[in-house]
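The data blocks that follow each hold one structure.
One chain, chain A, links the two complexes that follow: it is found with chain B in the first and with chain C in the second.
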Partner chain A sequence: MKEFFASLYEWFGVIPLYSRDMGDQLRGWDITCTDYIATPWYVYIGWIMIILTGFIYALQYHIIDNSRLNKKMHWWLFALLIVALNFLIAFTIPFNTLQASDYCNQLNLSVSDCIGFGLSNAVWSLILFVIISTPPLIRRFSTNCRLTTFWKP
Partner chain B sequence: MARLFIFAIGGTGSRVLKSLTMLFAAGIKPSSQREFEIVPIIIDPHKSNEDLKRTERLLGNYQSILNEVGLNNGFFNTKITTLDKLVASENRISGSFTFNLQQVANTRFKDYIDFNQLSEPNKALTDILFSGKSINKRGEEVDLLDIEMDIGFVGNPNIGSVVLNQFKDSKEFQEVANNFNADDRIFIISSIFGGTGAAGFPTILKNIRDAMNNTNIDGRGFLQDAKIGAVTALPYFNIEKDIDSPIQKSDFIGKTKAALYYYKDNVTGNNSVNSLYYIADDYSGKPYKNDPGDNGQKNDAHFVELASALAIIDFLETPDRDLTCVGGKAVNPIYKEFGIRNDSADIKLSDFEDNTERKISLRLSQFTLFRKFLNEHASSAWEKQPWSMGQPELNKQFFDDSFYRTNVTEFLSSFGDWLMEMSNNKRGFSPFNLDSNLDSLVKDKTVKPGMFSSVDYGLYDDRLNKHSKGKTYRSSSQKLISLFFKTTEDILISKFGIKN
Partner chain C sequence: MKKLHLISLLSAIILYSCKSEFSQFNEEALLFANDMRIDQKEYEKLVEHFKTSDEKGFQTFKTLDGKIDNAKVASYLLKYFTAKKLTLTPADIWQPETTIARGEKFNINVFLENSASIDGYVGDNSSFKTTIFKLLTDLKNFPSADSLNLNYINTKPIPIKVSASRDDIDDFYKRLNPADFKSAGGMRGSTDIEKMLKLLLDKSNERNLSVFISDCVFSPGDKDAKKYLDGQYASIYNDFTSAKNANPDLSIIVLQCTARFEGTYFDYFDLPHQNINTERPYYIWFIGNSIQIKNLVDYKIFNLIKNGYRNKMVIQAIRTVNQPNFKILYRPRIGEFDSKSLAQGIISGATPSEENQTKGLFGFNIAVDFSQSLQDVNYFLDTTNYELSDEKYSLKVEAITDNNNAALTGFTHVLKLQTKELNDETIRIDIVGKAPSWVYASTSLNDTRIESDDSEKQKTFGFKYLVDGVCDAYYPKSKSNTVTSISITINK
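== the complex of A and B ==
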């Protein structure tokens, strides 16, 4: 699971948005610089991203499920909320670690790495929201948003 | 399906028929086991009568809507058809709702009866029977014998009874007789205080009951013992005083008494009618323009016409066993009147007695809510809400199409005019705040309190989306009618507490 999320966030090595050291830190490289035995942040943040995106999807499509909040503009507003929250989570956690110097001192981490990881998480949350809400399979259970996608109505 | 042949005579006949069409459009149905197909036949020599033209147009739109969407969709749930649809193709009569009175247009009464060909004694007798003055369509005073009948019989039933007697030899009557079955019924609408209705009712009734002696027609036995109902409107409106007009309000009571006296022997006295409804209102309200007919005669809709239309629904609910005839005579003739709970100048739904309220409140409110949505909100919801975007789509193209723009819009506009006219009339019928917010649409009915209870177009869209979810429809037009019926019913029951 760790390597699955790692490959997603690192974009399969194609377009890394942050350094390899940040990747090691998120894999759980411990403070004594011996092994990957610390908190596996990739897994935690990955699951938080999935759950949060799923919850906000459910909020719009099945909990609020309101005829006043079913236009594409509203889809984009909820998408913005998802992206912002996921960015904040993915930025804040490594940033706090960075501020507290609570990591292996051989790793070279910076704020731009935190921003890069936040962006990566935000983009994946957006992709997930598109994936959940585009095919009619799940959204057809909604009453007022059953035809709402990012391009209509 | 059994049929109800409705003979709507004169201006009142047309206006009552209009009210009945509105009730049917709203989905009001008689609570009887049997379904009836309605065959209206308007009898009025005054072809340029605006009331007649409005009713004809309304019936035409109703028929077009029904042809497009079919039955069992809630609104427009009673089949209304023209007489020609019942007739074999080789013997077609005009496909209209009006009875074609022969030799009336541009004809003086004396020419109609070939006065100049009569012998001197007959001329003298005719002079006595048809003495007096009236006005012609140019407003000039003329002898009664010189009256031109294009504008009706101008309050002269003695002329009407002669001219309308051609009914028995008409193609229309033959077709009614030829297509009349044992389960079918007949209803006659007339007023008693004018010319056309007062003369037409007993004339038509007599010709039906005397069908056995009419060799021109088939199905005579069925017709002779037909279950016949009738509503006769006694004076119910006021007219402006105009000393030059042949129509005077002061004559209404005298004419009514004379006609009732005649009916005592020839209608009620000989048990010709199975069920007769007397409708009247002595409330002296806002006067109508005094128009004998030469200006088109366009009278505002009146509550009494709605009450008269309810008489037809009541007649259809009457079981067969109460409408038995033997030898052309009703075995147990029924006579009814109509009353309301409160003597209110502006009648609301709560002023009705329970039975009437239960019969019409919900459906009439539904149709009003349907019209309000289409007028005020449809354009902001189409192609934006799932109820509109789901298959078959109710999209802009549908709302721009002639079916919607012509038939539906015109019908709903007439419905709005009808409500408005009844509301402005005195005595008025104003159960709805037509221009208010949705939550105060129905007077005397407050929206049930609750945290999320406001009734607005958001809630309307929610309910439309809910009722359209997972449903299949034959066509967009059927979806429009069926979906809005279900949705408006839901909103009015759950939010306004109107009982079904």
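== the complex of A and C ==
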């Protein structure tokens, strides 16, 4: 699971938005610089992203499910909320670690790495939101938003 | 609305629980260490985590049969506390009692050379006497010591005190002077080191440890010096080979100490050089089995020596090749590599450097813990004592002096490896048993100009012949003599 999320967030090594050191920190490289035995943030943040995105999707389509919130503009507003929250989570966790120097001192981490990871998480959450809200399979259970996607109505 | 609350609550629980059990273990350890110690109750509570979790972090502290390795736990905690800027020492972390085979008590037989060449060390201003006095007191207090027997030695041992008491040690100290050396008798005119060592070897066994204190200066007299030294080398080699065959567990530690020498120095022609007043080396040999020697090391008897020692040499039969605790450091590195299997000693995805200054080079560092070795730490700094399975790699060794670096806590040396030809391979770094380089630097082959040549004053005539005789018996040149080995797998 760790390597699955690592591959996603590192964009399969093609366009990593942050350093290799940040990747190792998120894999769980421990503070004594010995092994990947610390918190595997990739897994946790990956799951948080999935759950949060799923929750906000459910909020719009099934919990609020309001006829006044079923336009594509509203989809984009909820998407903005998802992206912002996921960016914030993925930025804040490594940023706090960085500020507290709570990581292996041989890793070269910077704020731009935190921003890069935040962006990566934000983009994946947007992709996920698109994926779950585009096919009619799930949204057909919604009363007022079953036709809402990012391009219509 | 109810649905919303339920989902919010679930999300909050999930977010809150985003902390690995290993992180919780770390936090708890940190909390316990607030009072700068981990007591028994706290340690046992921490260890409870190991029983309930199968996270990888905990697995690294278990032995192959799944038991908790308390030494590894304590070592990790120390590193973790260092990273968290808490200065705890190993003594601050409670550890379960371990049963270590200490062996039975044994006699300690001290042999102090009383040849005329020693007279210069026992002057009024010499630290030699106080060092010996302190050493004897420490040996008397040594828990494994059964009885402490004091002897002079030249051509034969001269017993002075059997089962010496504290008063006897005091008396022995007071008698450390040329007049008493003379009255003790024996052939004081020349020094036959080979004969003395043979006597000591005969007296060293599982019940007796020998301590030999001597300047170790050979006295060829009017004989051809080269032939004499070669003969001594051969005899010493023969003596130690026989002793090692009879007692494969026989181990030797030699300390080189220095003290003020005031008096007459006899050169290799036995010609006297009057009024020599300088710091001169002398040697303390400990000859016994490995348990006796290990007990001495554990008691830190060598650290207790007054005025310290300049060099140390350990000679032990090689029974198994040791594999010290080591880790490949994340940084510094030349080129790039994947860190996924570093903890298993595997470097994967290795690529040479693309940077201008180091273009084409590949390099990495290994932190190694040599503290469990009896050998002197300086021995591991000398790259001539290392053999690499791939000669295309160059090696540099540094001692770790930064005690506050969590990445290096628990390690003593950093090995820096570098190559211009990167290949898929398993590189073996062997530390071989041999005479340390200080032996050769301390050897004189002509001591006739001791008054005018300052470097000669710091040397011992023929010393390398003596050490080579011992080392060649233990580390024959026909064998690889690997004492310690580290293997690193490198994949491109």
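We take it that the second predicted complex is superposed on the first by the 153 of 153 C-alpha atoms of A that agree within 3 Å, B and C clash if a C-alpha of one lies under 4 Å from a C-alpha of the other, contacts with A are read in each partner's own complex, and residues count from 1 in each chain.
The rule is short, and it goes like this: contacts are C-beta pairs under 8 Å (C-beta built on N, C-alpha and C of every residue); 3 or more make two chains touch, one makes a residue touch a chain.
Computed from a prediction, not measured in an experiment: that's the story for all the values here.
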First (chain B), second (chain C), both or neither touched by A:Met1: neither
First (chain B), second (chain C), both or neither touched by A:Val130: neither
First, second, both or neither for A:Leu52, with chain B first and chain C second: second
Which of chain B and chain C A:Thr39 touches, first, second, both or neither: second
Larger contact residue set on chain A - chain B or chain C: C
Chain B versus chain C as contact partner of A:Val111, first or second or both or neither: neither
Touching partner for A:Leu80 - first (chain B), second (chain C), both, neither: neither
Footprint overlap on chain A, where chain B in one structure and chain C in the other make contact: none
Complex contacts: residues of chain A adjacent to chain C: 20, 24, 27-40, 44, 47-48, 51-52, 55, 58-59, 63, 104-108
Residues on chain A engaged by chain B in the complex (per definition of touch): 66-68, 70-71, 143-147, 152-153
Touching residues on chain B, where the partner in the complex is chain A: 383-386, 389-390, 458, 461-462, 465-466, 469
Touch list for chain C against partner chain A, complex: 3-4, 7, 11, 14-15, 18-20, 22-23, 26, 55-57, 60, 76, 79-80, 82-84, 327, 329-331, 336, 339-340, 342-343, 405-407, 409
